[in-house]
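Following this line, the structures themselves.
Two complexes are shown next, each including chain A; its partner changes from chain B in the first to chain C in the second.
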Partner chain A sequence: MPEVFIDGKRYEYEGQPMLLQFILDQGLEVPFFCYHPSMSIPANCRQCMVKVGTPVKDRETGEFELDENGDRKIRWFPKPQTSCSTPLQDGMVVHTQETSEEIARAQKDNLEFILINHPLDCPICDQAGECPLQIQTYKYGPEGSRFEVKKVHKPKHVDLGPRVTLDAERCINCTRCVRFTEEISETNQLTIVDRGDSNYPTTAPGETFDDPYSMNTVDICPVGALTSTDFRFKARVWEMNQTPSIDITNGKGCNIDLWTRDNEVLRITPRQNEDVNDYWMPDAGRDAYKLFNENRVDRPSITLDENNQSNTSWNNAIETFAEVIEANDPSDITIVGSPHASVEENYVFNKFFNLLGVSNAKFTPHVIPGSGDGFLITDDQAPNTNGCRVINLDETDDGAIQSVVSDAKVVIILSDDLIGRDVLTSSDLESPYTISLATNISDTTKASDLVIPITCVAEHAASYVNVDGRIQRSYPAKETKYTNRRLNLEMSEGRLDRFGTNFDNWVSEENKVDCLPLWEFLNKLADRLGLEFEYNHSREIFTELSNSLDVLSNVSYDRMDEEKGVQLPIKQKEVKA
Partner chain B sequence: MAELSFTQEELDEIERLKDKFPTAKAATLRVLWLAQNKYGHVKDEVQNLVAEALDVPKAHVHGVARFYTQYYKEEKGKFVLDVCTCLSCQLCGGYDILHHLEDELGIQAGETTDDGMFTVNEVECLGACGYAPMLQVTNGVYVNNLTKEKVDTLLENLKNGNMPEFESKAMPELEKRNQAASE
Partner chain C sequence: MAQDWKSFEPLLIPDIPNLQKIDVYEENGGYDALKKIFNDQNTWSRKSVVEEVKQANIRGRGGAGFNAGLKWSFMPDPDGGPRYLACNGDESEPGTFKDRKIFEYNPHLFIEGALIAAYAMTIDTIYVYIRGEYISWVEMFQEAVNDAYEKGYLGENILGTDISIDLEVTYGAGAYICGEETAMLESLEGKRGYPRTKPPFPAQNGLWGRPTTINNIETLANVPLVINNGADWYGDIGAEEHPGPVLYGISGHVNRPGVYEYPTGVSVMDLINDVAGGIRGGKDLKALIPGGSSTPVLRADQLEGVTMNSDSLKDAGSMMGTAGMVVMDEDTDMVDVLWRIAHFYHHESCGQCTPCREGTGWLEKVLKKIKDGEGEMKDLDLLLDVGNQMEGRTICALADAAVWPVRHTINRFRDEFEARCKKSVHAVA
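So, the complex of A and B:
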């Protein structure tokens, strides 16, 4: 196998890796800015310099030439090389900043150069705390600068598009953002204009940066030049908790992180998963943070007289729910599951009412044909259509839902805005007694007689099966009125080192929504109805599922955690419009 | 500005230029040049026209146009006089030439005369330091070893539509060296 010597240590390699990526793969480090593993390599930041040489071979014999100590003679490249663009060669010898004074010096000088015109506004810059330039400068940079002349001033707070704001002064011209629009989102909306110390990225005249993936450039910008217009100045990264989760705005199930502070989700960023979304996610998915904070169903509510919904106590809500069930024949009750709710929720929802003799839950996929783009945005608007299929809910089209609903005396809807998405009209819900188990206020909850607030994806651990049949899970990222982060072991808690700020204690009550996980609410209802039904955790539900369903055997939360989701042996069905 | 367009002849020329390069993007420089010769500038609309003709992203053409100072991103005079005031020219009186031009034409560096005839720019080294001071006429001919009189004549000639000849100069040192080598 070919070999390479990095800082005196021997490594073997396969294929044709580039030096920088190989070094990073070994858990070693060389500072860099412009390189991104998913994009082309322009080698324009010049930060990843290393010293490289190849062994000298005798032309005739093909043997290595040796020096007087019996070591291989090395022919050094005349100048430092950018490791990102240097392919490995058999026998190559590499010195990074760890073993070469010259390289350490070159990297330091390059940083000094990059910083000539970069404003030193870390204290107010949004990138502070997660800025590669800040980190590399701290680790490898100079302590001062020889450039004491005035810095060049470029355009500031420019709205490149509806979601991205540019501060051109901070740009170090790595061209990652430009390459992103050329190679990944393929809208070609950005370019670098002007040159030397006055260049910066912008759009063509009269165009706006409205790429549906525009905010990915904010993530990959190695400085604070591109910032999220929405998130700017809202919080510091070190004040927030970061919890892995799943994008619930369409069927792809992009892997994401939820950034929370004081029980509010403040931003959403993609989490790398090469089987699903690589490093990227659509802008629409990032907007979902509002769903978790705003317009929540907070406390149960009940419609007493026509159009007059008012909050009520949990006890009263349970009592009312139970009375409605007791007063009606199971055959008069229709239950509607939801591709917007998790596997666990749909399962317990269906099981609970099955135990009461109600027939299987129906569900209707939420598909808008033509809205997908073949990349990360799908026609399927829901995160768990395949999850409903896996647990064998009754898949029907919109018309069928409408007819069963109009025949029923009681309709119970799980987390699905059937009116908002034009499956039903509010008049369809006028005659049956309608109960909604919901996370957000919607046209459907407004037309319901009883609304039970349940936890959303940001508040519970649960799994979702994406359009490609991959099951992935969420973790609770924010507390509700009744969860306790110190008792709920699924929850992440502040920074790992726990030297957080007060925010880590998440003190204010007002951001905690008064809602329950569906299974906990059903426990209480079961208690009242004398039904044998109890789950303490979604993990328990999932274990039951994986024991009873073939497709889910061998699948567990632990496996999903380890493998970032598990591909199930199911094929995507023809989507019904 | 009226609707811009290329004539069939120009479009054929663009096709020909495209064929010379492996990708359409690579022909951007040449086609921008063609457009500038036609319109005298490559303002935003012209850049977009070029992007359409080449079927390449607008942003790409914009980036190229803004990279090179030789492409005029605004309307200029019929003759653009780039006066070098970089070190060699400065020492040999580049600023005197510049100020003389400014006085003669009644404009400041960077401006265009009211009749649209001349634009005067102050530029960095154009690589003719050996014949300083010098200026360049509209991305083209160099006028070297300038004196005020030479400038006056130049203006007069240009007004009458006479472009100066390209002055070729041999380097005395080089000549000596060549001679030595041939002996």
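So, the complex of A and C:
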């Protein structure tokens, strides 16, 4: 197997890897800015320089030539090489900044260049805390600057588009953003204008950067030049908790991180998963954070007279729910599951009402044909259509749901705005007694007689099956009124968890929604109705499911954690995106 | 030198009225070399043309001086797909203005050379990239191309053979970097003029990813001379290791600035004194930039015995470049000169890679400070150090081209720079 020697240590390699990526794969470090593993290699930042030599071979015998000590003769490249663009060769000898003074100096020199026209405004720059330039400068940069002449001033606070703001002064011309629009989103909306130290990325005159993936450029910008217009100046990275989750705005199930502070989700960023979304996500998925904070169903509510919904106590809500069930024949009750709810929620929802003699839950997919783009935006508007199919919910079209609802005396709807998405009209829900188990206020909850607040994806652990048949899970990122992050071992721990006091904003009660996980509410309802139904965690629900369904056998939360989701043996033709 | 340069009759831009017209060109032996090859392809196989040019040792006239035939031999064997010849007429370096003479006075010589090159490398499309500011030469050259098409030297079945070659004229938008060969390819592809990282080299991966050879206009204009007269004849012109006629662009403080054709190896002082009429106003020579602004400046006292060929200039501490000689008299302010050169490179850096993008501006700003009398002694060492940080660390050679004038001008005229800097004040206890 071919070999390479990096800083005196021997490594074997396969294929034709590039040097920088190989170094990174070994857990070693070489600083860089412009390189991104998913995009072309421009080698323009010149930061990843290394010293490279190749062994001299005898042309006739093909043997390595040896020096007087018996070591291989090495022919060193005359200049430092950018490791990002250097393919490995058998026998190559590499010295990084760790073992070469020359390279350490070259990297320091390069950082001095990058910093001369870059405003040193780290205290106010939104990128502080997650700025590779800041990090590399601390690790490899010069102690000061010899630049004593006037800096270049480029445009500031430029709205490139509806979601991205440019501060051109900070741009180091790595061209990651431009290459993203050329190679990944393929809209070609960004380019570099002007020359030399005056250049910066922007759109063509009169054009706006409204690429549906525009905010990925904010993630990959190695400085604070491109910022999220929505998120700028809202929070610092070190104040927030970072919790892995799943994008619930369409069927792809992009892997994401939820960034929370003071129990609010402040931003959503993509989490790398090469089997699903690589490093990217659509802008629409980032807006979902508002769903977790705003317009929440907070405390149960009940409609006492025709148009007057009032909050009520949990006891009253449970009592009312139970009385409605007891007063009606199971055959007069229709339950509607949801592709917007998790596998666990749909399962317990179905199981609970089965125990009461209510027939199988129905659900209707939420698909808008033609709205997908063949990349990360799918026609399927819901995160768990395949999850509903996996647990064998009764899949019906919109018309069938309407007819079943109109025949029922009681309708119980799980997390689906059937009115808002034009499956039902308000008048369809006028005659049956309607109960909504919901996360957000919607046209459907407004038309309901009883609304039970349940936890959203940001508040519970749950799994979702995406359009490709991959099951992936979320983690709780936000506390509810009845949870505590210090007691919930699944919640991420941030700096404020460790060092915050009771006087910090972190423990404010104001942003906690008065809601329960569906299974916990059903536990209480079962208790009232005398049913044998009790779960202590969604993990128990999933274990039960995996023991009973072949398609989920060998799938567990642990395996989903380790493998960033698990591909289920679902035939692609069964997947209707 | 095999012959006296004074009796040399120009070959690239001979003094023949209306030579730019195709009929006149033909009357004077034009396209004979092409006919010689195309009508006798058994004798003149593609390989033998490459060999003849390689043997003649035509050194590239774009500045690098690489053997043109050897460069042609780097093209891979044809695989049936497109292959290109990209002709570089984007001369934009201060002091360099010789290709325009060919476009203006002898365009068909170049077209003929390009056709021979295309034949030799099995190329069917030639792109000619002309500096955007040369708009009138673009128009004149286009006329010549149209005439060549009309006469059947370009297009389908040239001279009744099964060889078809097209030539397209295109011009840049006025960016120096587009004269760098790979940036020119990007520009030809309709993209921003950013140099490409090498490898892969253009012969393997050029225009639209296909094999491409890039030659300078003057280089290709030499090719018909070699085919008509043979490599040995060509090798006898001028300096042994750097043969052939050269267009010397002489500018600066001389009485008769202009473009002059003489063999390589002419004494620098002969070119200044005899060809260009000596220093303006009878003044003394102070310095010479021999081959365009990026080539290291030489002091007058370094010019004794120096001739215009690569080896001699290298020994003297400079380079042949494009033979664009900038002559400076005794009154020249070298600080001003260097600042102006630095200003040019700062303005023209494409900004793609860090050391050049940031370094060229830094050099210019410090030089401006010195020029304005605000500089300090430490700034001179700073300039040299910044130059060291730039050289050899960029994708293309623009950073090197920006650094060499700074390094050599400061080193060779340091007293002038020191005199311009503020004296450091030291407190005495």
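A few points about this structure:
To be clear about the criterion, the second predicted complex is superposed on the first by the 560 of 577 C-alpha atoms of A that agree within 3 Å, B and C clash if a C-alpha of one lies under 4 Å from a C-alpha of the other, contacts with A are read in each partner's own complex, and residues count from 1 in each chain.
The criterion applied here is as follows: a contact is a pair of C-beta atoms (placed from the backbone, for glycine too) under 8 Å apart; a residue touches a chain by one contact, two chains touch by 3 or more.
Only a predicted model underlies this, so the values are computations on that prediction, with no experimental measurement involved.
For the composite obtained by superposing both complexes on chain A, the positions of chain B and chain C are in clash.
Applying the stated contact rule after C-alpha superposition, one finds that A:Ala43 touches chain C and leaves chain B untouched.
Of the two partner chains, neither chain B nor chain C is touched by A:Leu304. Within the superposed three-chain model, A:Leu190 lies in touch with chain B and out of touch with chain C [touch as defined at top]. Measured by the number of chain A residues touched, the leading partner among chain B and chain C is C.
By the touch criterion stated above, A:Gly206 is placed in contact with chain B alone, chain C being left untouched. Using the contact criterion defined above for the overlaid structures, shared-chain residue A:Leu355 touches neither chain B nor chain C, since it reaches no partner. Once the complexes are superposed on chain A, the part of chain B occupying the same space as chain C corresponds, among 37-45, 73-81, 109-117 or 127-135, to 127-135. Residues 191-192, 194-195, 199 of chain A lie at the contact with chain B in one complex and at the contact with chain C in the other.
Those residues of chain A lying in contact with chain C across their complex are 41-47, 49, 78-80, 82, 85, 106, 109-110, 112-114, 116-117, 146-147, 149-150, 152, 172-173, 175, 191-192, 194-199. Those residues of chain B lying in contact with chain A across their complex are 44, 47-48, 51, 57-63, 66-67.
Chain A contributes residues 181-182, 188-195, 199, 202-207 to its touches with chain B in the complex. Per the touch definition, chain C reaches chain A in the complex via residues 175, 177, 192, 194, 197, 346-362, 365-366, 368-369, 382, 389, 392-395.
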